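Labels for the chains are A, B, C and D, by order of writing; each one numbers its residues from 1.
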Amino acid sequence: MTDQQPPQYGYTRLRRIEGQVRGVARMVDEDTYCIDILTQISAANRALQAVAVGLLEQHLGHCVVEAAQKGGNEANAKVKEASDAIARLVRS
Amino acid sequence: MTDQQPPQYGYTRLRRIEGQVRGVARMVDEDTYCIDILTQISAANRALQAVAVGLLEQHLGHCVVEAAQKGGNEANAKVKEASDAIARLVRS
Amino acid sequence: MTDQQPPQYGYTRLRRIEGQVRGVARMVDEDTYCIDILTQISAANRALQAVAVGLLEQHLGHCVVEAAQKGGNEANAKVKEASDAIARLVRS
Amino acid sequence: MTDQQPPQYGYTRLRRIEGQVRGVARMVDEDTYCIDILTQISAANRALQAVAVGLLEQHLGHCVVEAAQKGGNEANAKVKEASDAIARLVRS
């Protein structure tokens, strides 16, 4: 009897990463050994990138595929936009 | 008349990144356009990496330099440990 | 009166990166200062990633768009394959 | 009866990566399937980063440790220089 939607793709993982980053801040505040903090930052980075790749897969599978099916310049524009986002992600 | 310490290096920036990641989760929840979400994830990644490099600089400047001054195997061990952390960071 | 094809996308840039990497090996051989070598390796990495993103854009614009226009499971398979390649690139 | 030196750290691996990049150019020239080319570019990137981390470890273990033992501002300058190189590497 509820109309609650399931959470969008990535939402739960992002909330978990938010908690991870809060945990890293706490480690810094408690003067944890630097190398252990760096390990946690690397883990948070990898988790963020995994969400990004998952979102990108969804985007390609929906927006880009739909634009391709409509044909015309829309598909090229979507491909260019996605490639620019991939470039930013690869450099980050 | 307070003995409050200034926050440790990176604490304030990490709390800000925590807020950034919460903002990304909200964007997902509100069904924001995927490419805009990816831009924010790239920004959070770059911010995390900047904190990591700053922490590493502190670590090299304190722990590694002190170990080098004591001499012996301690310096080698610290250099190896730091290099492994750098490798994880570069791959993440 | 020649049937020579223009080189494929990325070929010229890859040959230039090959030369860059050979230059880095020479720097190592000539005992160049380590930090200067690292700067050149970072540049070669960025150049390789730029070629990769360009190739990916071409791939999305041709293979993925064509698969989408044919419809069916082919498009999903191509999107999954491209996303896996992006994940490898982001982690590398 | 030869005074040949052993090759410097990283030289052999860099020559191998040079060959890898030449192989990628050949794949492009022969119109290999794009995703297979991307896999090879990711592998070359990871190999370059591994050499970079190895060179950095050597640099920290020699230049930075020696500067630390001499004391004074030299150590700080070396740590700053190494951190800047790490930052470029992490972003590349």
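As a working rule, contacts are C-beta pairs under 8 Å (C-beta built on N, C-alpha and C of every residue); 3 or more make two chains touch, one makes a residue touch a chain.
If you're wondering where the values come from, they're calculated on a predicted model, not measured in any experiment.
S.K.: Same or different: do the copies chain A and chain C touch each other through matching residue numbers, with over half of them shared?
M.R.: same
S.K.: Among the chains, which one keeps its Cα centre farthest from the Cα centre of chain C?
M.R.: B
S.K.: Distance from the CA centroid of chain A to that of chain C, rounded to the nearest Å?
M.R.: Whole-Å distance between the two chain centres: 22.
S.K.: Rounded to the nearest whole Å, what is the centre-to-centre distance of chain B and chain C, using the mean of the C-alpha atoms as each centre?
M.R.: 29
S.K.: From the mean C-alpha coordinate of chain C to that of chain D, what's the distance rounded to whole Å?
M.R.: 18
S.K.: Two or more other chains in contact with one residue: find those residues in chain B.
M.R.: 46, 49, 52, 56, 82, 89, 91-92
S.K.: Which residues, counting only chain C, touch chain A once they are in their complex?
M.R.: 46, 49-50, 52-53, 56-57, 60-61, 64-66, 68-69, 71, 75-76, 79-80, 82-83, 86-87, 89-91
S.K.: Can you tell me which positions in chain B touch chain A when the two form their complex?
M.R.: 7-11, 14-15, 17-18, 21-22, 24-25, 28-29, 31, 34-35, 37-39, 41-46, 48-49, 51-52, 55-56, 58-59, 63, 81-82, 85, 88-89, 91-92
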